[in-house]
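I'd like to ask some things about the structure below.
Naming follows writing order (A, B, C, D and E), and every chain is counted from residue 1.
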Amino acid sequence: MRPTLAEIGLGPGKKGRLHRILFRHGLGNGTALFLPYDQGLEHGPRDFVANPAAADPRYIIRLAIEGGFNGVVLQIGSAEKFYWDYAGEVPLVLKLNGKTDVPPETEALSPLHGSVDDAVRLGADAVGYTLYHGTPAAQADFTQLRQVREDAHRLGLPLIVWAYPRGSAVDAKGGRDSFYQIEYAARVTSELGADVVKVNFPHPNKRSGVPAAYDREVSTQDAVNAVVHSAGRTLVLFSGGEKASDEEMLERSREAMEAGATGLIYGRNMWQREHDDSLRFVARLREIMAKYPGN
Amino acid sequence: MRPTLAEIGLGPGKKGRLHRILFRHGLGNGTALFLPYDQGLEHGPRDFVANPAAADPRYIIRLAIEGGFNGVVLQIGSAEKFYWDYAGEVPLVLKLNGKTDVPPETEALSPLHGSVDDAVRLGADAVGYTLYHGTPAAQADFTQLRQVREDAHRLGLPLIVWAYPRGSAVDAKGGRDSFYQIEYAARVTSELGADVVKVNFPHPNKRSGVPAAYDREVSTQDAVNAVVHSAGRTLVLFSGGEKASDEEMLERSREAMEAGATGLIYGRNMWQREHDDSLRFVARLREIMAKYPGN
Amino acid sequence: MRPTLAEIGLGPGKKGRLHRILFRHGLGNGTALFLPYDQGLEHGPRDFVANPAAADPRYIIRLAIEGGFNGVVLQIGSAEKFYWDYAGEVPLVLKLNGKTDVPPETEALSPLHGSVDDAVRLGADAVGYTLYHGTPAAQADFTQLRQVREDAHRLGLPLIVWAYPRGSAVDAKGGRDSFYQIEYAARVTSELGADVVKVNFPHPNKRSGVPAAYDREVSTQDAVNAVVHSAGRTLVLFSGGEKASDEEMLERSREAMEAGATGLIYGRNMWQREHDDSLRFVARLREIMAKYPGN
Amino acid sequence: MRPTLAEIGLGPGKKGRLHRILFRHGLGNGTALFLPYDQGLEHGPRDFVANPAAADPRYIIRLAIEGGFNGVVLQIGSAEKFYWDYAGEVPLVLKLNGKTDVPPETEALSPLHGSVDDAVRLGADAVGYTLYHGTPAAQADFTQLRQVREDAHRLGLPLIVWAYPRGSAVDAKGGRDSFYQIEYAARVTSELGADVVKVNFPHPNKRSGVPAAYDREVSTQDAVNAVVHSAGRTLVLFSGGEKASDEEMLERSREAMEAGATGLIYGRNMWQREHDDSLRFVARLREIMAKYPGN
Amino acid sequence: MRPTLAEIGLGPGKKGRLHRILFRHGLGNGTALFLPYDQGLEHGPRDFVANPAAADPRYIIRLAIEGGFNGVVLQIGSAEKFYWDYAGEVPLVLKLNGKTDVPPETEALSPLHGSVDDAVRLGADAVGYTLYHGTPAAQADFTQLRQVREDAHRLGLPLIVWAYPRGSAVDAKGGRDSFYQIEYAARVTSELGADVVKVNFPHPNKRSGVPAAYDREVSTQDAVNAVVHSAGRTLVLFSGGEKASDEEMLERSREAMEAGATGLIYGRNMWQREHDDSLRFVARLREIMAKYPGN
């Protein structure tokens, strides 16, 4: 069951901003579809080869507006230079940390490059932070997250945490997409104070090195249910990762909403295709999301 | 001519929040109708005698939502205790200073009781500040306003200034409602960095002690035009003051919008009457405002 | 003799910004013609009656550019909302304090409404401060000036002080335009750390209540010479005050430059007339200033 | 297409200072030629062997003035001791970090030695920061850059980022001059909030270890185009690196301007030769840049 | 050529304090002889074995006074406890950082133990800081130096930097005494904003691992000349290091002064001998320095 905004202990700033995102944009029914655009930093311009127009942040922000998204996710530089033109037309989620994929990820850590004060100044309605669950660099990661959480609390901005299992220890225990690690990551994020958590879809068949409790047959739906359940009063978004087939994404989306997720956050699956095709895919997602209204 | 949001030198936070107020609430056509509710501090509970229900902030916030207002104005205490329930449903303008009407107003000054950080934390979309134009206490007043302006700039919140001529010197030169003082107040507020200025309707027939340039016959419309013109790129709201007849208020409202004002901010004229009567009055105001769309 | 920039003890920021103002704008010969526009706050919109177009800050900034001025002086609000369009085309002097003319001036004080940090952020090349020489409110005035001076030093911005004799004691000793008070004001400002001082033209015939040394026949030129001499290594600008005849202003200007003033700062004499007439007047001033190059 | 200053989301300070650099110095046509002089720290005095006169910062600053450069880049020490004489004659870019080439670059990081406040105090028109894209020391690098970006925003100074791929991971994936790493570096810098990015010319034939999308035949012009495109609204400068033949540099320069770069920043290619030869080379560069005016 | 105090961009505090050191103490001819006394921390009491009296800071301060030194260099503890008796009789240079020689120097860093505020409080006329050129710990070193430089600027104290090549990378490229590393260190220190740099005498025959430009025959005088030249407007002091023969020290001193150095800073060569012998050695140094007056 998806929690309601009135029951999850939020102050007025967080509650009001989440209300705006969930009920005054997109379908306005308490669900959310976000358009993330941090890949230029995370993976580099190679992600724009499939649809060169997507290299331009204006294209992405316009797509978010035309597609009726509940928010667009930008890094500080793109927000500073491109959001101004469209300020207020679609909610902004300011991503506060990020890293390139050049160095290896054995000690994964995503350094801060922006602040909650930046987010307020830019008129963002939420902030995003990537936590690398299981990384040997957890001390630096927790320290950064604590600062962001405190600032987000002080200024009343919802905190959305990208919860990604990463690092040498994760590789040895199920891997980054395993049900075990994804569920654990959702729980950790909830325990650390996120208002919303973004996770990848769990793969219950990845069991190499997982604890005994996870070394059994689990349906995808049950795994998704468990992830949402473990997140408690932290709202859950499922992300898409690399581009997959539309039918697969739609089925995953249905499972997510069925499990009580608040919504979806699809980037490459959204804009690594031609513009009108993106809008058609959005329309199909909205059909699904319309069946799961919240309050 | 009313300035557009794109041309008045705003950063993304101020632009986005004004866009939200002007284009995603109320008529959504770039005009604004605000519901101010600072009278419990400014005048005391005597203002609620005409309609005892109005003593309850919930009544006022609900009225703002039902009436499709572009914002409700609350002091810090009412915002803390009552806005939570409705956070995000109607924009909040947090009024940051206020005073009682117990001491005389010869050296009028409205002390700060809240901060822009409070406003951000509560999810407000703008802050309000009362400047007493012409007061002998100008040094304290300018100092307070400077702090609020700097914080509002830093955090990207629009600054709405209540520009009220007050004090012994004002009384000797036209008085608080004179065309001379109102226009001067609008100009001063613009020079001091307000994004929006709220003034009372000017009375061009109040000429006792005014400079020669103002000691002549001027129509009400010309006076209103002059006030809006003198405010430059600072958006103008006209306020109602004490309750007057509906026809008078509607005529004034028409003149204000005709002059290029962005909107109206009516309190006692709005809620010192029965609930449904308030909504009927709102409907008539919206008819007028619909004729003056902006962009 | 006008001091050179290399000999007056400036750090690189102040020297570079003054070099820019004096040698890369206007005539580029070390003289300066400034266009001040603080009258909307100081006197109110009545100053714009003679030429209503001048109520629009854009008109003034454009006039400064077209007329080849060395700088335009704006208050914080006009700078925030109007300078952006023309940023870098003409140097900005941000005026940091100001007052209305509504209360009496017996205890004249001009409260701060902006900061040197604001000036830097807006790309201003200098800051302006009004000091009321002789006011009973000197303690507050000196305190404000001290803060501005320290910040201007820290950030390397030239400090231009409007040195105006004001207050009940000044009225009793020569008055605000007397040679005695003007020269004293220039000296005080220099002693308090201004880089540039702006004074009105001294009237040596105003001798009521002045000390014995000033109670004698002095030519206007000698009085102007004395003011410049008393300012030492603080550069001197003469201001125009209320509109006077062109011939009178030109003669005064010649005297000022002859005395070693760095330049002129004329507002109402400049823009209380029709646009092309302003440019013709500028051309005649530039003829005079071209005869007094500095280095 | 080179972005215009009016469309890239700049506040008045950044816009005014960039206007000054691009339109009031050099060719004044919106292009820029910078003279960097950080090699004494980065490589040591050995870089001055080819032209011993270049060891003297005065020689370099004078060359910048005589050659009509749009700016000279100095470290804090040279700026403190040598810029004063020429303050305001040529824009100063204060480089805020730097390192020697004594230790190995596997974990490359360029420590801060100056601040944006220093830059303002010295009258600089922009600040420079070296980001080592791909370095294992990214957390410290991002942290430093974030502080510089926030201060530059607060004080209105344009931020120019030297974006250099470096470190063991870069060496394994294309290397520091590869098209892949240069384009990625330009994008990262844009995402992190630089106003201007300085990159070396990309070498599309360096493909060892690059992602599949880059493992193909690409012309130099197409690679340069891609780098400028990926930088979005961040203006691009191409740097020269070690001294090469004039014809090669001129051809590279033409390609850069053709791609929409804002300009060039050549150090060793400029001053590792005799004085008059430097000016002749500048003249040829200006011929190219004159063909690519901006607005 | 030694720079004059009037041409090196100093504010009045730094200029006045250097004037006091250079022209009102010692020979009073613009040269300087300093007595450093940081060896108790750097090497421990073993340095006092040769002359046990030198273990007493009083002995050293008296020697500085009797010998007519231009300054004595003390760490915070010695300054606190011993300078009081002689305050004002000989200028104090407060050394702000230092380290023991117990750990290896592969990642050499000299931690701060005092502040510029301490120096002002103690009446010091300058501060000293040790920078380890080429150390892998450059980030911490630059960060400390930046703070000291900013404070010294703010408070007007001259900053003397001990520029010592150190660390594993230095050892591999010429070593700590090589001409290459010493010249590079002088240049780096100048670029980082030192007013005075203290270096050891360069050894041009140490060429193992140096860049090609340094792998050639160079006379000692030419090397010393190059070091002074590379320091630009940063005044240069040569230090003595371990005790050597008097004739060798005198020849080195003559070369240093001939090259344009401002002076000498000899510790162990001065006080690791009997008292009167020290004074005789000082007398011979003064004979040399008297031949190189500055202005």
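Descriptive notes on the structure:
Quick note on the criterion: a residue touches a chain if its C-beta (ideal position, glycine included) is under 8 Å from a C-beta of that chain, and two chains touch if they have at least 3 such contacts.
Nothing here was measured: the structure is a model prediction, and the numbers come from that model.
Chains that touch both subunit B and subunit C are the following: D.
Geometrically, the chain at the heart of the complex, using CA-atom means, is D.
In this assembly, the chain whose C-alpha centre lies farthest from subunit B is E. Chain centres here are C-alpha means, and the one lying farthest from subunit C is A.
As a whole-number value, the distance joining the C-alpha centres of subunit A and subunit B reads 40 Å.
Computed centre separation for the pair subunit D/subunit E is 35 angstrom, with centres defined by C-alpha atoms.
Note: centroid distance subunit A to subunit E, computed from Cα atoms, is 57 Å. Residue positions of subunit C touching 2 or more other chains, listed in rising order: 11-12, 80, 83-84.
Because contacts link the chains in a way that matches no line, ring, star or complete pattern, their graph is best described as other.
By the document's touch criterion, interfaces exist between A-B, A-D, B-C, B-D, C-D, C-E, D-E.
Within the complex formed with subunit C, the subunit E residues making contact are 9, 11-12. Those residues of subunit D that touch subunit C in the complex are listed here as 11-20, 23-24, 79-80, 83-84, 87-89, 92, 117, 120-123, 154-156.
Of all residues in subunit B, only 8-9, 133-136, 138-139, 141-143, 145-146, 149-150, 153, 165, 167-170, 173, 180-181, 183-184, 187-194, 211, 213-214, 226, 229-230, 232-234 touch subunit C in the complex they form. Listed in rising order, the residues of subunit A touching subunit D in the complex are 38, 40-41, 44-46, 48-49, 55-57, 75-78, 80-84, 98-100, 102-104, 109, 111-115, 118, 140.
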